[in-house]
Amino acid sequence: MAKIKTGIVNVTGYAGMELARLLDGHEEVELASVTGRSASGQKLGHYMPHLDNSNLTITQTLDDVDLAFLALPHRESASEAIKLYQKGTRIIDISADFRLKDPALYPEWYGFEHPCIDMLAKAVYGLPELYREQISGSSLIANPGCYPTAAILALMPALKKGLIKNDIIIDAKSGISGAGRSLSLKSHFCEANEDITAYATEGHRHLPEIIQELKKAEPAQDLCITFNPYLVPVTRGILASCYAGLKTSLTKRDLFEVYSSFYRDEPFIRVTDMPPHTKQAAGSNYCLVCPTIDKRTNRLVVISAIDNLIKGAAGQAVQNMNLMLGFNEKAGLEASPLFP
Amino acid sequence: MAKIKTGIVNVTGYAGMELARLLDGHEEVELASVTGRSASGQKLGHYMPHLDNSNLTITQTLDDVDLAFLALPHRESASEAIKLYQKGTRIIDISADFRLKDPALYPEWYGFEHPCIDMLAKAVYGLPELYREQISGSSLIANPGCYPTAAILALMPALKKGLIKNDIIIDAKSGISGAGRSLSLKSHFCEANEDITAYATEGHRHLPEIIQELKKAEPAQDLCITFNPYLVPVTRGILASCYAGLKTSLTKRDLFEVYSSFYRDEPFIRVTDMPPHTKQAAGSNYCLVCPTIDKRTNRLVVISAIDNLIKGAAGQAVQNMNLMLGFNEKAGLEASPLFP
Amino acid sequence: MAKIKTGIVNVTGYAGMELARLLDGHEEVELASVTGRSASGQKLGHYMPHLDNSNLTITQTLDDVDLAFLALPHRESASEAIKLYQKGTRIIDISADFRLKDPALYPEWYGFEHPCIDMLAKAVYGLPELYREQISGSSLIANPGCYPTAAILALMPALKKGLIKNDIIIDAKSGISGAGRSLSLKSHFCEANEDITAYATEGHRHLPEIIQELKKAEPAQDLCITFNPYLVPVTRGILASCYAGLKTSLTKRDLFEVYSSFYRDEPFIRVTDMPPHTKQAAGSNYCLVCPTIDKRTNRLVVISAIDNLIKGAAGQAVQNMNLMLGFNEKAGLEASPLFP
Amino acid sequence: MAKIKTGIVNVTGYAGMELARLLDGHEEVELASVTGRSASGQKLGHYMPHLDNSNLTITQTLDDVDLAFLALPHRESASEAIKLYQKGTRIIDISADFRLKDPALYPEWYGFEHPCIDMLAKAVYGLPELYREQISGSSLIANPGCYPTAAILALMPALKKGLIKNDIIIDAKSGISGAGRSLSLKSHFCEANEDITAYATEGHRHLPEIIQELKKAEPAQDLCITFNPYLVPVTRGILASCYAGLKTSLTKRDLFEVYSSFYRDEPFIRVTDMPPHTKQAAGSNYCLVCPTIDKRTNRLVVISAIDNLIKGAAGQAVQNMNLMLGFNEKAGLEASPLFP
């Protein structure tokens, strides 16, 4: 039987590269076409020596495929998606262009008017732990951002169970690959190495996405969310720390039970009672979630860990693809974390 | 004129090593004696090749000196301090043994009964920005912990000016040297490298010290402080993020003015309006403090950066020594940060 | 059909951990028993959270298995091997205890008399690229050291083709995991990080192993080999640079052809004309080999790159197992390198 | 007395930044003017927050100064030098534009015809350990490259004493700051981190400089030098390993004596019998030199370690300035290495 044909638009960034690696090891699909302006004409396996068994040539435009991953910068992604959607190609968009349900948020946070509001309405937010069923039936997936994935998975059980008050602080530490493969001083080795810093202190673009999803879980409350991102010198990994006051008193054991039961059947969530290490998720699609309580102040503290390029981007996209195409949800995502 | 003689008890840990480096470059004092059990009998310059111009021999017990730095583990430090105090030696204790004013906190947090409660009462908490005058007149200094230094300097102006509510979250990221030079898996290169993790989620020993000092600034309020420490793979550096609700509305410019004016004459505090980098403090005694406001939630967010081995330990100890001995407060601490 | 049962003696070091990870993903075998003194009694998945789907309990002694991997320190490995060999268990020994054919080298380099010289004679040096056939028929494999793997694969084509003179210099840079998981200052994060250093300048234990194998390729010449190892702050990876004078003049293209043709059918060797990066091998069983010529001096310069824990240890062991058991040589080793 | 006025042309690269830091702490001179195209108009202390006490404004063109440091790319440096030389300004050129005595090497290695061959003849190669006297009397200094500094200091005693044969291999590992502050994928954090690689395998531009100086030491022999550079993920540091056959047999003790006596009065050379760590030189102007012998092959192995931005660039430039201006050679360079 012919395999499903997939393609990657803009394979040369880190999300695109990681998609190529994962799809290369996926037995149910074929990676049939990859594009990338700067590297157009090169063999994929030459451009990315770690994938040197690949004979695919990087092209300017995408060949016809059954399902396309868009790993473009925002705005460009929407344009490309419109064209593919009209052709009936299934789309998983790694950019932010279909994540925000309120079109007014695009000019405010991304500086452009959304070009296809009807598509926005049809897009499904691709977090399988919340929207598995909708994803299965959809042909346009907005793949979540890396920070939102880590933060939403950390907070959702507490919010849905009504455990916490409306004051939430998310302090999230990211590896440098989160800043992308484009060149800039902030990702120059000598500036990032041996450094810890905050950025986007005026408001990071992932904030409205976090608010949108957390509010759905708790529509009654007016959530008051502060989200601060940090860069630390690792290549892969996000550790998100979420702080919120508990409405009532609760034992740690009860809290752990709430989380374990919420995520009982999830193939990629590991609820743990030990502080998670990003290294325990690196190279895998897992999200580690550690719920705990600061008893002195009766605050919930949930710490989650992901590999930002996998569960925070390419791996989650493949998980979405598996759902859309009716494959085993773990297909191509079985790799254990690479430790140490 | 004979120089003041100083000594370091336990020179072989990172705080002790850093003291040796700083005192080696200090023109007003002589490093006359250093102790260290495991390395006893070796030349300091052989044991620490980066200081190989030193001819001092590491000994078992301290020779008579005018001022002694104790870089021992807690509990051992108190025992040593008692002996030196009786001889009239001035003491700067890097450990926690004289930091907590309430003796009952020692059994609770450190697992031992404090052996000299009267000395505890006489000890001055060695944070020059708060206690400069008392330090100058004291002969027993409790050198602050690394996290408390970063957190207190970040929050003090807001607390003293009555700007913030009582709910405070401190999320502090530390380099691995903060875990000391003793061997353990958590500081094994292969486990710490490429990793981000939380630790001491049950309550870190620096918490009572932070509470003690912040409460002094705001005795009217019942502060509700959560403090979570994190390890990130850099050798030196702490970045402390402090979150608290503002009592009233305030412009960023006004906030900046409050902080700038609070620290106007401080030789080692740099108030900045750009997110600070630990690398901008590394190798120096500076503390960078960046006060800002999350306007969406009206929360104060203050981020501070220090070199944990300098302003967070050995450098602050030298600053205290300078005050005790009437030297220029910056003597021996003029080095600019080493960037990149 | 029942799967072949495998076991790991001393699963708690890095080679043992990596074996557990690889065998966990190997579809043809079952990981049935793991031992480890310090962690005895714990669940493997608790001790190694990155493998937390495992329900195996770490024990003191190995259960009966069909094939055992020994990841013990040298000398202990030989003792264990004797017992298993008598029971008829197939053995792949990761230590050095069966690598050196000349028993006299053990007292000289490892400080002990070899306890079972007849087993030594039967052991096959487990470098599939040289001894594939013997490995297939053997039940006792001496898995090569990490440096020898990188150096031998780099030099073998040139030696076998008689291209180089007898003066050889091997300058090999290793990541810190090569120093093992035992605690020591040299692998303390703060000492290893931001450092480059040589070690074992008096002669590294991998030297006799390198000499033994290279001499077999060129018995006529009296090889004069200098081997110097270096530690650099990465977790995984060896980059071995091999220098030797060329006997005659040769074009780079011809040299490349010699290497390509020598390794034509090798599933894990990638001959490349671009300087290899260890990161292009990390997480995989590949060895990248880049042969080139310094035309000014007519010297061969071959640079090879491996993941020291995979092709340099656990991966090569699995490759050997696959050969011994008649599986596809790549089974369980299909993972692409993890880049970036 | 008015201080000598110094200036830095192109302060925004790493060599320029490091010069600014060192001159800022130098008591005998004033940093009076700094240029930098991209940052022109900004305060130096704003552009480089680690130097935020500086009030100097970065300008397009250099004000009149007594001595100028040129930290420009090659070719541009020569143009600038011509203008300054005609005005009588003393010059220390950090680029390669005055290092090579044979003008024919410029087209070959740097791709341009040298514009002022008479100045080339007058320039002194600024390695104080070899040319102290000439430097003192010169007004145009060609500051050595980082690799040549490490390699020449490692090999010079052996060559001058006639100990080694003509076959020399230099395998030098460098931190990423050696690749400069310009943006490129090879210094992107995610590509350089956790990687070890060779580069410039066709011939690095520092090779003719190394040959020129080593040949002067041994004009009778036709030296046959291979030089291979490597990038490892540290910010600062070069570890150069130099291999050469010994002409006669020699004890390690005798060799050590040769080196110790050769460098007896050198303020910045530390001859050591333990493998040096780059970290033991980081942040300082020291060069550690460890001469040893591979007794099995009778080969000399000398390993040297420097901070590439200090002894390999800015620090050596300041050392040269001190000699030119008659200051204490160590002025402004007293800092001990920053360890850990």
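For reference, chains read A, B, C and D in written order, and residue numbers begin at 1 within each chain.
Just so we're on the same page, a residue touches a chain if its C-beta (ideal position, glycine included) is under 8 Å from a C-beta of that chain, and two chains touch if they have at least 3 such contacts.
Worth saying up front: this structure is predicted, and the values here are computed from it rather than measured.
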item	value
Reference subunit A; chain at largest CA-centroid distance	D
Pair joined by more contacting C-beta pairs (B-C or C-D)	C-D
Centre distance in Å when subunit B and subunit D are each reduced to the mean of their C-alpha atoms	36
Cα-centroid distance, subunit B relative to subunit C, in whole angstrom	45
Rounded Å distance, subunit C centre to subunit D centre (Cα mean)	38
Junction residues of subunit A - those touching two or more other chains	14, 177, 190, 193-194, 233-236, 276-277, 279, 340
Subunit C-touching residues of subunit B, taken from the complex the two chains share	14, 176-177, 181, 183-185, 187-190, 192-194, 233-235
Residue ranges of subunit A in contact with subunit C within the complex	14, 17, 21, 24-25, 48-52, 177, 194, 235-236, 270, 272, 274, 276-277, 279-281, 283-284, 288, 334-340
Partner subunit B, residues of subunit A touching it in the complex	167, 169, 171, 173, 175, 190-191, 193-199, 201, 203, 224-226, 228, 230, 232-239, 241, 243, 245, 275-279, 282, 290, 292, 294, 296-297, 299, 301, 303, 305, 340
